[in-house]
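A, B, C and D label the chains in the order they appear, each numbered from 1.
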Amino acid sequence: MSPLAFDIAHLLAGSMVVVSFLLLYQDRITGVLNVFAVQAIILALAVAFQAWSQGAPHLYLTALIALIVKGGIIPLALHRIVRELGIHREIEKVVGVGLTMLVGLALTALAVIVVLPIAQEAGRVGREDLAFALAVILLGLLMMITRRNAVTQVVGFMSLENGLVLAATGAKGMPLVVEISVAFSILIAFIVFGIFVFRIRERFDTVDVHALERFRGD
Amino acid sequence: MRLLLDLLAQGLQMTLVLAAAPLLVGWTRKLRARLLRRRGPDLVQPYRDLVRLLRKEPVIAHSASPYFRVAPYLVFASTWIAAALVPTYATGLMFHWATDLIAIVAFLGFARFALGLAGMDVGTAFGGIGSSREVMIASLAEPAMLLVVFTLALLAGSTQLSAIAEFLVREPVGLRVSLGLALVALLMVAIAENARIPVDNPTTHLELTMVHEAMVLEYSGRHLALIEAASALKLTAYFSLVACLFFPFGMVTSTSSPLLYPLGILAWMAKIAVLGAVLAVFETAVAKLRVFRVPEFLGGAFVLGFLGTLLLFVSRAL
Amino acid sequence: MGETARLLVLAIPFAAALLLGVIKDYRLGARLNATAAGAALLAAVGLLVFERPEPGIHFIVDDLNTTFILLNTFVGFTTALFSASYIAHELAIGRLTPRFLRFYHAMYQAMLGSMSLALLANNVGLMWVGVEVATLVTVLMVGIYRTEPAIEAAWKYFILGSVGIALAFFGTILVYLAAQETLGEGMPALAWNRLVAAAPLFDPRLLDVAFVFLLIGYGTKVGLAPLHAWLPDAHAEGPTPISAVLSGLLLNVALFALLRFKLVMAANPSALTPGPVMVTMGLVSLLFAALMLYRRRDIKRFFAYSSIEHMGITTFAFGMGGPLANFAGLLHMAMHSLAKSAIFMAVGHIAQVKGTQKIESLRGLGATHPVLAWGFAIGVVAIAGMPPFGLFTSEFLILSSTFARAHTLALVVVLGLLIALGALVVRLVGIVFGPPLGAREPARASYLPMFAHFLLVLLAGLWLPEPLVRWFQTIAAQLG
Amino acid sequence: MLEFLVLIVALLAASGALGVIRALDPRRPLLVYGIALVLCLGGLAVVLGHRVMGAPVLRLVLPLGLPWVGVHLRLDALAGFFLLVINLVGALVSLFALGYGRHASEPGRVLPFYGPFLAAMQLVCLADDAFSFLFAWELMSLVSFFLVLVEHEKESSHQAARVYLLMAAGGTFSLLLAMGVLAGADGGYSFDAIRGQERAEATVVSVFLLALIGAGSKAGLIPVHAWLPLAHPAAPSHVSALMSGVMTKVAIYGFVRLVFDLLGGVALGPSVIVLILGGISAVLGVLYALMEHDLKRLLAYHTVENIGIITAALGLALAFAAAGFDLLAALALTAGLFHVLNHALFKSLLFCGAGAVLHATGTRDMERLGGLLRRMPTTGISFLLGCAAISALPPLNGFVSEWLLFQAILQSPILVSLPIVLVVPAVGALLALAAALAAACFVKAYGVVFLSRPRSAEAAAAREVDPFSRAAMLAFAGLCLLLGVIPGLIVDALAPVGELLLTAHLPSQLGNPWLSLQPLPTSASSYNGLVLLSFLLIAGGLTAVVLHRFGGAGLRLGPIWDCGYPDPAPSTQYTATSFAQPIRRVFGTVLFRARETVTMPPPLATAAARLEVRLEDPIWERLYVPVARAVLAAADRLNPLQFQTIRRYLVLVFLSLVGLLVLAAARS
């Protein structure tokens, strides 16, 4: 692979990590949703690039799904939910942005440390992508556990999943990628649907706090 | 012929202890009275008492169970046998192997068991007091006694009374510390077991101080006679135990000829007479303990016995 | 013949699922459900008797999964029978409507099918798909009563499950990457048998990271503490047949997936040995679950925690490794799924006749419902690892083999088992004995499945069939 | 021969099935107990035959259990002796149950487990590999657990059952670990594979300790005895008889099998531990018993005492064997095993008697009994013999075994080792104390229950029990007397056991003149119960005849004398509690924190004065309660984890993931 191509792949993957940090940085739901859309679009680009460089046309489909579903439909749907359920725009944080950022950095470092020693012949693209993908995944998880707001948690899960798709497409000739990306989109659709139906306003924690109270001690 | 002689010798011992027991009691009473500057009853008074009681018709409470009437015979028989199996004037009599020191202690325990039950039978407060205190005292006396047994058995290498006695006669044991300790312990146990001062007062009838007497309060007539005889026999048994174990001189050993029996008998009589005298003096010298001081008294006996055993163990071990 | 059997095992459930989706009459549905499950069982037996097909790129039949398939189809069948009598009552009291039942039956078959898929898959990606579909289907089943706690439980399960899905998938990707160079791109790099064969050449570091993600991902499904959170509620709030299948099968399938990867790890000398990690997680789960048993007030949640405990023991055994421990682990897993599903059948009927799952209102069962009481007592005794039942054998092997190697570990296990036993005994005595409480009318229950399970567990405790033992021994040898 | 036994065991186990069938009522109890009786007699016959043949070692392997091990069964002298105990007592208890068992309110809760219980105990003795041994061992606990719960309406029996099963399982685990060490990592589970091996000292000690805990907890050795006084009384009396009389012995068997046979003995140090534990159990057990006024609990505590005596004997045997004095070891072992049989006999007798009392009066509380000897003469007499036997009084069997033990103790100075020298006399004194206290305790028990005046209407209206029960009790009593009079029977019967375990045995006794007992040729010590008994009878009879002939046989019934102030109210009698007061004062104040509070009414007030006695069980308070508290506290600490929010659970997932990643990173 030409150094240029490598640099492009590297750039796109890296920018996804950056966007993940941006996600962590946001403190307004609308902002989060928009930034997520951006990440989805970058993912679409990265995947498309992989499709081109690997010469694997089916990956274009994945890119397309990423672009339409995650870049478009779902953010819009979530915007709607936020409006319909009258969720207030402030995001309840468990730990402050600063600390979150630091932890995020630590996680990224961890990702790199874990992946880099992996044997070189894994093909540099694969390895670099892997490091970034792992970072994105961990950051997504971090977002899920540091934000109370249901919608932001969904977003966290989705960016985690973005990391997955990135890794999957980065893995040369990985079968089932398309199917699985589709499956994941459906999964996320389910989650969004669930939030909407069960009116999960503030938090995943419980549908209804009292339900918990009633079953205390079981 | 030999068998007949042996039977005779054994029978002689049985009758001997039976005959001598009341006399021993009379002797100690007389002596005590003298020491207290009283004339006191004469020596044969115990015999008279027994005969009188035997003539009397016993009265038994309605609530008494059949056991109440059997008990005296059990008590008497077992005590008598125990007393008769302790070598008095001769070692190695016909049935000397039938029991050993442990068995004799246990057999006296059997008598106590039987009597304790009898005390519970009629269902009175006094009977209960008597039995419960008796068993408490006994349960403390028994370990001490067993340690005395240990000491002797370790010396003689057997728990067989005749064997021990012959050993002590034969071997120049000399004055062993552990023997001395054992002797004192045994005497203390004997005092406790025979309900003598300071543990118990055989002549009292002040309810709250009674132990042995309270137990037999409901008995009368021949039953009482049997029980009295039994306690006299018990005293004799312990004395001849002390005599045989610690002062075995003058005893006729199985090797020597039966013609020496009279000498042996005299020697035994002398020994228990002396012991009786010592007892009388001791009893007049000390005051009765409160019941709950008795454990301390017997604890002392226990410690002495234990020391005796330990010394022997160590001397064997080192 | 073998191929057809394999095909049938997969095809029957899915076909039945489609069919059941459209059948209106729920009685017919229930019957069909049971029949389909029975047919699947027969097909599985076919797998057993006919010569095995060559492992293809997608599917494989070997000792390991044949055992699991048999177990799954059998429990699936018995549970279907049980559910037939169970749902009748649920309809009667109006907790379920025929519309939901149609859905229920379809989902039931779909779940069985996807589990068979996961088991038969040679392609680890396919295996992943199977496990995840099964999980999502059970999510829907757990929420089927649509009470608030049920929805909450389903939701918890859903979210934690999804994260697990994601992580497991990442692990799979890593395995693929590791295999890529040696096995070339595309499907072959996901075929399990080739993975094992080529594992020595893989990059150990990559395998390490992969296994971490697989352990967390599938471990969530196995219900290992601290990833267990979804399990108790999912068991407690769903319909009892689902609890039975969850504890009896789904946990096993997840553990099966882990085992597949452990075999790959074991084949690579310089990769991290999963043993210590699994041992630790096993012990944590064991102790944690054992202690959690004491404060439970809901009978189904209680046994859910007991499932966590036993999964912990099994994982511990596999972590210890060695022929005896692995053998014991397999045996324990099988025995547990039989006993635990039977217990859930008993509990389901008990809860129905007494009209509650609250433990404090279940007392003196022996006086009111002797047969159920016997069933429950046998179940608790069996699950407590007492003779004459099979779990005694497995626990005996686990402990005796462990103590000879690592004293302290065995002592920890003993501690955990004793703590758990304490809770079990308290519940056994409290529920079966004592002055009776609540309803007395006889239960309209189908005891057959339950006692069939117990009979098998009892038999295993007294005597293990030779071929089974040979399989287990070969697997145990592979597991290292 | 062994096949017969196996068949019998199988049938016994199967007979449980009959117990489940309601349709058989009301014949069900007769059927089950009858079958058990016949089978036990059959087993007895087989075992005796085996002994007559010189107790050869018979083996049998069944293709069950673990396929690569199979179920190994073996009948040797040791197993034979314990099977003799089990079958003998089992037969007589079944005979008792033929009458007693019919009164059970819910036979369905007893019958299914009775046969299997007997079967499991026999299987323990037959087992010759680790798996089947533990299998049978645990099964024995499990089945008896259900028997403890027969009176299922009582919270007390729930408590008993819980504690029992938990401690039993704990014991099994400890044995299991011991087996694990013996068998090794690759699982050589058959005892034959285990026997031969050479082992490191540390291994031997650890196995020994585990065996001690495991077997001790089943036998009721202090401090792991806590379940025993709860469980034994809770079961129906004939089952209590089996549990106390036989099951604890099976535990002893387990200890002997492991330590003497499989391990081949231990060093002096460990054996001293056994000795000390034995002495302590003996004394504490009887002291606990003295504080009791529940008849069955009292008997249960005496089991603890007797187990202590047996254990002490075993410890002494181990010590002698360690020092190489095999003959003396055989003496101690014989004493211990003889006591096993004796205790099995008189404890079963006493529990049967307690059952008879319970059935006749409906209460176990001694304070509500009294005067039963008149109303239940047969029960009363056999119970009396039992009391005398357990109090180690000549000429009964209990005394003989203790006598043998004392003989062994007296030989201990040749063990030239300081710990022994210090410990043995102390233990001897402890045993003597225990014996004397036991006598005291049974004066109390028998005096309060069978003698004195009835303390309640039920006691006053008591009726003698059915002929089956009486026959069984008389048989027990007869055996107690027989073994006391002709101990040579058992001592000789135990010779092969000594040969098997210690390659030494006592000289044959039945050859001695007058059937007297002289265990060691070296010391002249001998004992002859036969002569003593005949003397006793002759002397007693003679006196009676003489007195009635010459003193007159008249007898007058009158009121109670009681120093002139008799009180007709039965409540004025001495009660069990008041009887124990002196001993409570001496020992209880320290051991049990015994506190007596007297509340006197003011002068001239007619209110009754009250005396309250408060005791506490030191071992339970110090050892068991804290453990239970700790577990529950931990449970409470963890419980909140059930109620976390999904986010928190995700945190757990996240942390474990990161942790493992860090681990993986650290490796590279």
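Throughout what follows, a residue touches a chain if its C-beta (ideal position, glycine included) is under 8 Å from a C-beta of that chain, and two chains touch if they have at least 3 such contacts.
Here the structure is a predicted model, which means the values were calculated and not measured.
Q: Counting one step per pair of touching chains, how far is chain C from chain A at the shortest?
A: Shortest path length, in steps: 1.
Q: Using mean CA coordinates as chain centres, what's the chain A-chain B distance in Å?
A: 100
Q: What is the distance in Å between the mean C-alpha positions of chain B and chain C?
A: 78
Q: Could you work out how far the Cα centre of chain B sits from that of chain D, in whole Å?
A: Roughly 35 Å separates the two chain centres.
Q: Could you state the distance in Å from the CA-based centre of chain C to that of chain D?
A: 44
Q: Any chance you could list the residues of chain C touching two or more other chains?
A: 155, 159, 163, 167, 205, 209, 295, in rising order.
Q: Which residues belonging to chain D are in contact with no fewer than two other chains?
A: 639, 642, 646, 650, 653, 657, 661, 664, 668
Q: What are all the chain pairs that meet the touch criterion?
A: Every pair of chains meeting the touch criterion: A-C, A-D, B-D, C-D.
Q: Which residues of chain A touch chain C in their complex?
A: Those residues of chain A that touch chain C are 114-115, 117-119, 121-122, 126, 130, 133-134, 137, 141, 144, 157, 160-161, 163-164, 167-168, 171-176, 180, 183-184, 187, 190-191, 194, 198, 200, 204, 206-208, 211-212, 214-215, 217-218.
Q: In the complex of these two chains, what residues of chain B are touching chain D?
A: Interface residues on chain B, with respect to chain D: 54-55, 57-63, 65-67, 69, 73-74, 76-78, 80-81, 95, 97-100, 102-103, 106-107, 109-110, 112-113, 116-117, 119-129, 131-133, 135-136, 138-143, 145-147, 150, 153-154, 157-160, 162-163, 207, 217-218, 220, 222, 225-226, 291-292, 295, 302, 306, 309-310, 312-314, 316-317.
Q: In the complex formed with chain D, which residues of chain C make contact?
A: Contacts found on chain C: 155-156, 159-160, 163-164, 167, 205, 208-209, 212-213, 215-216, 220, 226-227, 229-230, 232, 272, 277, 288, 291-295, 322-324, 364, 366, 370, 381, 384, 386-388, 392-393, 396-397, 399-405, 410-411, 414, 417-419, 421-422, 425-426, 429-430, 433-435, 462-464, 466, 469.
Q: Taking the complex as given, what residues does chain D use to touch chain B?
A: Residue list for chain D touching chain B: 370-371, 373-374, 377, 384, 388, 391-394, 399, 403, 406-407, 409-410, 413-414, 416-418, 421-422, 424-426, 428-430, 432-433, 435-437, 439-440, 442-444, 446-448, 450-453, 514, 516, 518, 522-528, 531-532, 535-536, 539-540, 543-544, 547, 550-552, 554-563, 566, 570, 572-574, 578-583, 585-586.
Q: Which of the residues in chain A come into contact with chain D in the complex?
A: It is residues 94, 107, 110, 113-114, 117, 138, 141-142, 144-145, 148, 153, 203-206, 212, 216-218 of chain A that touch chain D.
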